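The following pair of complexes shares a single chain, chain A, combined with chain B in the former and chain C in the latter.
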Partner chain A sequence: MTVTSDPPAETAALAAGQLEGRRERRWALPAARITVPIAALLIWFAIAPITDLVPSPAAALAELWQGFADGWIYPGLASTATAVLAGFGIGVLTGFPLGYLLGRNRIANRIFEPLIAGTFAVPRIILYPVLLTLFGVGLLAETGMVAISAFFPIIMATSAAVRQVSENLLKLGRSLRANRRQLATKIVIPDAAPAIMVGIRIGFSISFIAAIIAELFAAKEGLGLMISEAYAALELPRMYAIVLLVMVIAFVGNILLWSLERRLRS
Partner chain B sequence: MTRSPSTFQSETHAATTRRPTAADEGRGVRFDGVQVVYPTSDGSIEAIREVSGAISDGRFVSLIGPSGCGKSTLLDVVGGLRRPAAGTVAINGEAVSGPRRDTAMVFQEDSTLHWRTVLSNVAFGLEIAGVPKKERETRAREIINLVGLSGFEDRHPRELSGGMKQRVAIARALLLDPRILLMDEPFGALDQQTRMFIGRELLRVWDETRKSVLFVTHDIQEAIYLSDEVWIMTARPAVIKAIVPVDLDRPRLPEIMSSPRFHELSTQVWELLRVESEKALNIRGELP
Partner chain C sequence: MSTTAARSRARAWPAVAQVGLVAGGAGLLEFLTQSGYISPMVLPPPTEIVGKLGEIVPSNVFLDDLGSTAITVFSAFAIGAIIGLLIGIAFWKLPFVGAVFEPYLVSMYSMPALVFYPILLALLGLSKAPIVVIAASMALIPIALNTMVALRAIKSTLPKLGTSLNCTRRQIYWKILAPAATPLVVPGLVLGFIYAMIGTIAMEFILASNGIGFRIGYYYRSFDVVDMYAYILVASIIAIIVNVALNRLERRIRRDMQ
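So, the complex of A and B:
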C-alpha cells in the first residue's frame, strides 16, 4: 500500500463527481450510459424488416410478455435460476475459504497453486459429460457444472488478493497482538475485499454462462434448453424473447455485484 | 507515571537530561548483548552484532545510522516482532518474547486501514484488545483532539494528507497508552516542512504524556531536535558506536535548530555518522 491513492481512480472519481456534482448536468452520465443499449435496439429495429431470420423487437417482447402472462417461462426460469444460484453459492462457499488458505498458507500454496493455475486453462465444460454420466441429466449435474465453473475464478482471485495484503498492515496487526481470526477478519479480508469481489463477480458471470451452455447440451428444463428448442422449431420470436431475458438477468446481476465491488473499493 | 523525588532533584540540577537513578533501575528498556541474524537463501546476514544499553523511563532516544544498518530491525526486536539470535531486550525487567501491551509501534509507511474512518482507525488497537466500542471511541476522540485531527473523525484515509495519516498512526499508538513508543522513521515519507511541523507536534504530545520513545531516523536535525539521547549505529553488522546526550533545554521550539549548541551537536553526530555511511556505501559498492 502506498501513501498516495491510485491516480487514475482518483481522476475518474473526480470526473464522475464533476458530471454528477453540477445540478444541470445530473442527467449527463446516465444519458451517456443508456446510448449504447438504445443504439443496439435501433439496429435491431432496422434489421428486422429486412430479413425473416430476425423477428421484430415488438414480436420478441410480446412473446416474452406472453411467457410471463401464460406462465410457460416460469419452469425454465426457475430451473436455470436454481442451478445458477445453488452452483454459484457452492462456488463461493468453497472457492473463498480455499482461496484464503491457498493465499495465506505457504505449504498449501506450494502444493496446490500450480495445480489450480494449470486447471484454470482447462475448459470446464468438458466435465459436463462426466457429471451427466454420474448424476444423469437434470438439475444436479447442471448445478455441479455451475459450481465447478464458479469455483476457479473465485479461488484464484481470493488467493491472489489475500496474498497481496499489505505487509505493513500485517505487521501492525501482529504488533497489536491480533489473533489469527482478528488478522483474517479485521485486516486481510477487508484489505483484499475489492479484489476478492472481482473474482466473485466473474464467478457469477461464468455461473450463468455455464448453466446456459449445459442446458443447451443436455437438460430436462431451463432457459438454455428452451432456447435450443425454440431454435429447432424455428420459433424465432420465442428464441429472441428468451435470449433477451437471459441478457437482462445477467446484466442486472452483474451490475449489482459490480456496484457492491465499487462500494468496497471506495 | 510516578517519578521518584530524586529524579526531580537531578532534573533541577541538570535541567535537561534526566540521569537514570536507582529507582529507575530495571524500568525502561534494557538491551543486553542483542545480536540479530537474518537467514538468506545463501547462508545468513548478521544485521546487528551486539547492542547493549538502556533507555530509562520517559526518555526520548533516537537511533541513527547509515541506511540498511539494522535500526528498524532493532526496533522490531523491542516490539517483539523479531527474535534476536543472541542476547535479550528487557522491558521493565521482563525479557521481550513477543508483542507487548506496553509497547506500541508507528511505522514509516502508511499503516492506516483504508476502509475505516479516522475514528475507527485510531480506535483499532483497542478494538483488537477487546475494549467495548463506546469506551474505545470516547477515548479515541480525546487522542484525536490531542494530535490535532478534530473534525476529521469521520473521514477516510484517502481524504487525508501523508502527514495526517501519520498522525492517525501516532494517535492509534498513543491510545494504547504504552510505556514505550517505538517509531520507525515515522516522518520518513513526509516533505521537510510537514516533518518539522509534525515533529514539533510530537514533542508537544510527548511533553504531555512523557512516554519512553525509541525513534528511528536518518535525519540528524530531527534526531537532535527531538531527543534526550542520540544513539549512533555503525554500518552492518551494527553496534552502538556512540551515544550523544542532547543537553538542549525543553520545551524546544524549532528555533532551537539555529542555536550554536544545536550546530555543535549536529556536527558531532555527523562526524560520527559520516565514517559509517561511507563504510555502508562501500559495502554496497562491492556487492555484485
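So, the complex of A and C:
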C-alpha cells in the first residue's frame, strides 16, 4: 500500500552509507544519534522545575527503581506480559497459517483479502467492549483484544509475502517433485520469511499497544491500569515511571525482533 | 455483448461471495440470538441493532459526536500533514539530520505514543487538545517518511533539466519536484489520515467527554448493549467507507501522475 509499510531500514542504511563515504564523519552519525535521547532527557530536566505537572526525571526513575525494589510493579508487569504474549501467540498461530492459505489460494484470496483490507482503518479497540461483555473484565478479554489486534497485520503480511514468492522457484520445486509440504517448508516459507517477519514485528508492537489501551479502559491488573490509577490519584512520578517502563519494553522488544528480521534477510 | 457480460460476471463473483458471507454471518447471528443460544445481554439480534442504528443516526447526540470526532480528526491530520511534510523535506535537504532522526521516527511507529495520553491529559486537561496531539503525532510519521523517500527517489536529471531550461527555484520546486514526488507522497497522506482517525477514536474510547469512540465506552459502562453495538457498527462503517474512498482516490491520483 505504501513505501513505508516495509520500514525504511534500507533507506536509513543508504543514507548512512552515503555519509560514511566521507571518512571523517564515520563516528559522527552514531554520536549524533545518541545525543537525541540525551537531549530529550535534558529538556525533561529543564521543564520539570517550571511546572508541577511534570516531575523531574530523577523522581520518575527513583519511583521506577522503588517499583522493582518494593515489588509493586511486578503484578501489573506480569499481567500485561501474560496478555501480550498469549494474545500475540494466538495472533501468530492463527494469522500465519491463514495468511499462508490466503497467499497460496487465488479464490480465497479474492474473496477474503478485500474484506480484511477494508477493515484496516477500523480501530480494533472498539471491539473491546464486546470482549468485555463476553468474558468479563480480566485477562481473558484483554488477551482476546491483543490476539485480534495482532492477527490482522500478521495475516496480511504473510499473505503478501507468500504471494510474491517467484513462480520460477515454485516451478523448480515442482520439477524436483516436491510435494505440497516440501514446497511450503523448503521453498515458500524460507523465501517469504523476511517479509513475514516484518508482519510479525508489527504484530508484536501492536499487541503491546493494544494491551496497554485495553488496560487503560478496563482491567483488573496491568501496567495500563496502573497508569490510569496513577493519573486519577495524580501520582505523577509513578505515572511517568510506568510510561517510561512501557516505552523501554516496546523499544527493546522491537529492536530484538528487528535484529531477527535482519538476520533472516541476510 | 455476451462476452462483456460474461467478463463482468467473472469480475463480480468475489463481490457476490463477500456479500453472501457477510449476510450469512449476520443471518447466523440473528438465528442464534433469536433462538436464545446467545443471550441478548451478550449480543442483541442484529436486526435490533440495525433498527437502533436508524434511530441513532438522525439523533442530535450522534451528529454532535460525529462532528466532534470529525473536527478532531481533521485538525490532527492538518497539523500532522504540515509537520510531516516539513520534516520529510528537511530530512531530504539535510541527509545527515535525516539519518540521525530517522531510526527514532521509524521506532515511533511501534512506540505506544498512546501511553503519553494520560500525561497529556494531566498537562492539557480533558479537552480535544491531548487527542489532537496524539493523533497528529501518529499521522505525521508516515507522511514524513513517505515524503522523504519520495523526494530522495527523484532522479537528479529532473531538476537539472529544469536548471538548463532556466527555471526559477520556485518553478523547480512547484513544477518539477512536487509533481514528481506526488505519487509517493499521497499514500503517506492517506495512511496519515487513517492513523489520525484510528488515534482519535481510540483516545476518545479511553477517556473523553464526547465523540464516537467515547460513546461506545459510555454505553458499555451504562450497560446499554444495543446502543453500544449500534455505535460499534456505525464507527466501523464510517472507518471502512473512509478507507475505501481514500484508497480509490490514491489509486486515481497515482494513475494520473504516473
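Here is the rule we use: the second predicted complex is superposed on the first by the 233 of 266 C-alpha atoms of A that agree within 3 Å, B and C clash if a C-alpha of one lies under 4 Å from a C-alpha of the other, contacts with A are read in each partner's own complex, and residues count from 1 in each chain.
In this section, a residue touches a chain if its C-beta (ideal position, glycine included) is under 8 Å from a C-beta of that chain, and two chains touch if they have at least 3 such contacts.
Quick caveat: nothing in here was measured; it's all calculated off a predicted structure.
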{"item": "Which superposed partner A:105 touches (first chain B, second chain C, both, neither)", "value": "neither"}
{"item": "Touched partner set for A:175, first chain B, second chain C, both or neither", "value": "first"}
{"item": "First, second, both or neither for A:251, with chain B first and chain C second", "value": "second"}
{"item": "Comparison of chain B and chain C by chain A residues contacted", "value": "C"}
{"item": "Chain B versus chain C as contact partner of A:239, first or second or both or neither", "value": "second"}
{"item": "Which of chain B and chain C A:259 touches, first, second, both or neither", "value": "neither"}
{"item": "Chain B versus chain C as contact partner of A:187, first or second or both or neither", "value": "first"}
{"item": "Set intersection of chain A contacts, chain C complex versus chain B complex", "value": "1-3"}
{"item": "Residue ranges of chain C touching chain A (in the complex, touch as defined)", "value": "14, 17-18, 21-22, 41-43, 95-96, 98-104, 106-107, 109-112, 114-119, 121-123, 142, 145-146, 148-150, 152, 184, 187-188, 190-191, 194, 197-198, 201-202, 205-207, 213, 216-217, 219-220, 225, 228-229, 232, 235-236, 239-240, 242-244, 247"}
{"item": "Sites on chain A touched by chain B in the complex", "value": "1-3, 5, 168-169, 171-178, 182, 186-187, 190-191, 193, 264"}
{"item": "Footprint of chain A on chain B - complex, ascending", "value": "79-81, 98-99, 101, 103-105, 107, 109-111, 113-115, 124-125, 127-129, 158, 162, 165, 176, 189"}
{"item": "Touch list for chain A against partner chain C, complex", "value": "1-4, 7-9, 11-12, 15-16, 18-19, 25, 28-29, 32-33, 36, 51, 53-54, 110-111, 114-115, 118-123, 125-130, 132-134, 201-202, 204-205, 208-209, 212-213, 216-217, 224, 227-228, 230-231, 234, 236, 239-240, 243, 246-247, 250-251, 254"}
